[in-house]
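Structure first, commentary second.
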Amino acid sequence: MKPLVILNPNSSQTVTDGIAASIAPFERFGVPLRCLTLAEGPPGIESQKQADLTIAPMLRLAADQTDAGGYVIACFGDPGLHALRDQTRLPVVGIQEAAVMTALTLGQRFGVIAILAASIPRHLRAFGAMGVRDRLAGDRALGLPVAALADAERSLAAMIATGKRLRDEDGANVLIMGCAGMAHFRDRLEDAIGLPVVEPCQAAVGQALSLMATGLSHRTERNNDA
Amino acid sequence: MKPLVILNPNSSQTVTDGIAASIAPFERFGVPLRCLTLAEGPPGIESQKQADLTIAPMLRLAADQTDAGGYVIACFGDPGLHALRDQTRLPVVGIQEAAVMTALTLGQRFGVIAILAASIPRHLRAFGAMGVRDRLAGDRALGLPVAALADAERSLAAMIATGKRLRDEDGANVLIMGCAGMAHFRDRLEDAIGLPVVEPCQAAVGQALSLMATGLSHRTERNNDA
Amino acid sequence: MKPLVILNPNSSQTVTDGIAASIAPFERFGVPLRCLTLAEGPPGIESQKQADLTIAPMLRLAADQTDAGGYVIACFGDPGLHALRDQTRLPVVGIQEAAVMTALTLGQRFGVIAILAASIPRHLRAFGAMGVRDRLAGDRALGLPVAALADAERSLAAMIATGKRLRDEDGANVLIMGCAGMAHFRDRLEDAIGLPVVEPCQAAVGQALSLMATGLSHRTERNNDA
Amino acid sequence: MKPLVILNPNSSQTVTDGIAASIAPFERFGVPLRCLTLAEGPPGIESQKQADLTIAPMLRLAADQTDAGGYVIACFGDPGLHALRDQTRLPVVGIQEAAVMTALTLGQRFGVIAILAASIPRHLRAFGAMGVRDRLAGDRALGLPVAALADAERSLAAMIATGKRLRDEDGANVLIMGCAGMAHFRDRLEDAIGLPVVEPCQAAVGQALSLMATGLSHRTERNNDA
Amino acid sequence: MKPLVILNPNSSQTVTDGIAASIAPFERFGVPLRCLTLAEGPPGIESQKQADLTIAPMLRLAADQTDAGGYVIACFGDPGLHALRDQTRLPVVGIQEAAVMTALTLGQRFGVIAILAASIPRHLRAFGAMGVRDRLAGDRALGLPVAALADAERSLAAMIATGKRLRDEDGANVLIMGCAGMAHFRDRLEDAIGLPVVEPCQAAVGQALSLMATGLSHRTERNNDA
Amino acid sequence: MKPLVILNPNSSQTVTDGIAASIAPFERFGVPLRCLTLAEGPPGIESQKQADLTIAPMLRLAADQTDAGGYVIACFGDPGLHALRDQTRLPVVGIQEAAVMTALTLGQRFGVIAILAASIPRHLRAFGAMGVRDRLAGDRALGLPVAALADAERSLAAMIATGKRLRDEDGANVLIMGCAGMAHFRDRLEDAIGLPVVEPCQAAVGQALSLMATGLSHRTERNNDA
């Protein structure tokens, strides 16, 4: 059985471990899940420039997985999503895109909990490219300094506060965690806010396994010239 | 293991059998798949009136499945989707909504192969409610009389012709089959047209199993008053 | 002269009486106005499920009016609007759709005073299907428990407060009452808020009478197969 | 009973007579209908410049009608619509806006039969300002030289051909006549094309009478400073 | 070298002087800049009616500039923009349109500082016609009485406060000054708010000079019948 | 006087020479124009993958221009646009974005002449991110094999044919050349098609010089943390 390869484009093994824990519920589906850390990536991706610079090494890392059955790009921002689709005919799922598509089926207006304010314009460009801006309730940042993100309880408290603003001020009825590998917070966020919370890596792995099971891809074997 | 219940709101066992065949690739995921035919439904759903009139008996049929772990409504048009979400906290997936969300990740502009022209305004209202009209390349009907749909080869030929128009005139780069239970045509459609083709029941079951695996739903146990 | 039939899909005669009072100004136009209560409906419609379940008996009630010249569906949410249009070639107007179309000509951004928060996603789906989301300033609920709605003064005060938030926080310059049969509040709302307030039954009856006068319908006698 | 004043901003009495005939079915509603020709207007309005230059004299003509109960601006393009709303608190309806709002309730995608190709960008700007571009199927011109418009049969034949293209190529299921005063063609257009056809002056007068009956306006007596 | 003609459609020479100062940085490009005041205009334009009534005299003033190489209409609201484009084949730039197009390249969501609340619906119609409503963060007025606008420091303070609300409450990351001739405030606004601030006359003159340099216009010599 | 640096991210000096010729009309504005070829780029950019892989070397090349006063990224697709904006506070203009914003002021619906069909989904994502999809008439490819693009007359003929389809079938009233450095075709395209044709490098340089003249940028000196 060919594995699903999950690519973390930052260099933090802690984040990769969090991603692996997030997607553990899918192990029962019988497809090996291989989570990889991009050694050449930055410790965290905080700008479009950093995101774009991960693409070249990530494409090489992806190409090295010669037994892959599909890919997930596990960074909210989906760096290199379409570049990797140019490189392979296997299913390629971005966690941002998958999270949005999942959220659209769980509530009428989605809210995004962004880690950093600087990411929001990037998100909005992506939502515009997806054509789903009408469904966006709001995209709000935690308002914490980067250093504070290492403090789990402080981060969770900020996520809860941000989620409540998205619910109460912006009218969101479903939330997306704008980050990878924090599924361990999902239950507590749902408990505190009372809305469904989409963890993007879960959304992406679920979709990738579905595509692999049905042989569906952006580019089939038969489609040579599109 | 609680089963995923797939509800065919028309009364045609042939269609239900086709749905069961469509989703067979998901059996390996380990969740029982229970396909049910709505005895009170019409042989085929051809209008908004017929669709709406299936809702009451379908809600009863769904409620009777007391061991369900989730539901799929297997009619392109998603009759009763939000009504069933009002009735249960379990995941409820509509095949139309799931097909669209899947298609949005496989191509920039999606085309829909509608069985009947009369369904197109209904589809457009749904795509508007989903907020994805900007991504729609076109929605075209087969142009066959209803009686001719029983002729498989003629139907397939019409689907191929319709798909090619969506590709060449409307600029679609991914297609959705606007019907349930015809996954056996998917490969030949992809071969003939050279674009990925989304079969809605497959898209919906993949998503439902993903939601069930991660305990995600439109309405969680903790969300009593939303 | 064939009557315009106004169908209240809930079972509350009080609401029907309110509707009749709302539309009394149209009596001078010379067309009989027949307001009917749906005995099989719930006392009030609070969910998509309840709305959908009124469709079957409402279609029967409509069909029983063999002398009808046109129909208005008098529930904000327009349950069965397209189903009834499938059933008859006479003009069929939904109060939600008519209210929105009227509001769009009275101000650049419309606000909706919803009775219940649970209705808002339903409204948003409808506005999306109408393709008018760009014109929506906001949709806000009264924030009252259902029991409190029987208290007219308390309801009016909540409507005024809600309307002022729509005006001041959301930038609405025209308001829609998201309910049927409360036209007696309209003047006081306009006085208090200083914006035009659309009462949906009035908007719908005005449009239905216009369609009847000019022989215009979604489906004309000559249009047999569309 | 205060009259509804219908302002034809071109100087053609023939057009005004056509408008009067179009709206004759509303006489039974009991409100006097006063159709006026703008002597200072051009024989026909063919550009934005011509449209804009009618505004000053039209505002004066409107102001002269001191007994008016409401206004309709009877040129497809709605010149001076918002200027007249600045000048008076009475209901002011534009035939383009009213036709679009009516069409949106009669079909999912509307097509516009434009008299001249040069008008189409003007229409598109208006539909954009109305926020209804997603509902537009197409806007197509007759393709006749201006001189040929005097030939009724040739004009009708071009309208029918244009309407069929809007139906068959663009997917329109409701049509709007992009001109004033040609209601006498409406029946034959509907017969030939099989779609509902909205005559804009009828749509506008119906809406204006409804507003007048219920005392609704863009600007109420109480709204002094908005 | 043919001059670029900048038309101020109000009658205030002070405003024209402010415009001239705003665009002085473009003098180095070598094209004469001719700023004209419309004697027939109102002292300031506060309504759609006032805006529309400037069109006729402005078109005459424009036509009198027989040596013009291009035009800028220097009123936020772009009165007569398309009328002047009907009158001439030279480049015609509106400051509102140019400011929006410039802002769209400087930030993901633009905010507009309106002088008067009554202008906001007019702005929204224009942004709708431009098709850019999805990019609008907000449009907020200063909240000052007209008389107070003569007080420069009070106006600047209100602009700063308004800009901060657009940034903090509405999520704007670029601002547009919704007025002409106040470029002298631009630096202090940028300093106080920390966002790029587009002065519309600068945006328009820059674009007009670019069009003139490359011989580009809405209507070329060769395009006789479009 | 600091130069404007125009970065051609492909390695073709012929293309760079074409760009330099395109923008020669701006030399009279007095700012040095420095056109650079990216040695590390591919001979031509034909996919998202190729586009993304130019970003890293292009950012280095940009950083090496320590005397720069602003930048233009001269590839239709704007690779690295936001990454370079992360790297510098100077004005950064992408030719695709500038061409679209210019076209929006010259016609109501813009058409794009794409060199390769494979680029169209990339364009559509960009137009979605820009929020201007409602204004797009169509995006059509030349339909030539890559080898044929070296044949200037054949390319021009294909551009003219493509432009006419955009005009006649899609309703475009302004066109954009979806490539860099072909300004020498612009006059003949305009002559043949009768619509204004935007050459993207001209649009971008005009805008960049305007921003430089007025000290306007996405990120000002004062904006340290946005």
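Every chain is named by a letter (A, B, C, D, E and F) in the order it is written, and numbering of its residues begins at 1.
Here, a contact is a pair of C-beta atoms (placed from the backbone, for glycine too) under 8 Å apart; a residue touches a chain by one contact, two chains touch by 3 or more.
Owing to the predicted nature of the structure, the values given are computational and were not obtained by experimental measurement.
Engineer: Counting only C-alpha atoms to place each centre, which chain is farthest from chain D?
Structural biologist: When every chain centre is compared against chain D, the largest gap points to A.
Engineer: On C-alpha atoms only, rotate chain A onto chain E and read off the angle in steps of 5 degrees.
Structural biologist: 120
Engineer: Tally the contacting C-beta pairs at the B-D interface and at the A-F interface, and name the larger one.
Structural biologist: A-F
Engineer: So what's the Cα centroid distance for chain B and chain F, whole Å?
Structural biologist: Whole-Å distance between the two chain centres: 41.
Engineer: Whole-Å distance, chain B centre to chain C centre, using C-alpha means?
Structural biologist: Each chain reduced to its C-alpha mean, chain B and chain C end up 31 Å apart.
Engineer: Report, in whole Å, the distance between the mean C-alpha point of chain C and the mean C-alpha point of chain F.
Structural biologist: The separation of the two C-alpha centroids amounts to 50 Å.
Engineer: Averaging only over C-alpha atoms, locate the centres of chain A and chain B and give their separation in whole Å.
Structural biologist: Between these chains, centre-to-centre, one finds 26 Å.
Engineer: Can you list the chain B residues in contact with two or more other chains?
Structural biologist: In chain B, 107, 121, 125, 128, 130-131, 133-134, 173, 226 touch at least two other chains.
Engineer: Let me know each pair of chains that touch one another.
Structural biologist: Pairwise, the chains that meet the contact rule are A-B, A-C, A-E, A-F, B-C, B-D, B-F, C-D, C-E, D-E, D-F, E-F.
Engineer: In their complex, what parts of chain A are in touch with chain C?
Structural biologist: So the residues of chain A touching chain C come out as 107-109, 134, 171, 173.
Engineer: Show me the residue ranges of chain A that touch chain B in the complex, using the header's touch definition.
Structural biologist: Of all residues in chain A, those touching chain B are 25-26, 28-30, 93-94, 97-98, 101-102, 104-107, 130-135, 173-174, 190-191, 194-196, 198-199, 202-203, 205-207, 209-211, 213-220, 222-226.
Engineer: In their complex, what parts of chain C are in touch with chain A?
Structural biologist: For chain C paired with chain A, touching residues are 120-121, 124-125, 128, 133-134, 138-139.
Engineer: For chain D, which residues are in contact with chain E within the complex?
Structural biologist: That would be residues 47-53, 55-56, 59, 80, 82-87, 117-118, 121-122, 125-126, 128-131, 133, 226 of chain D.
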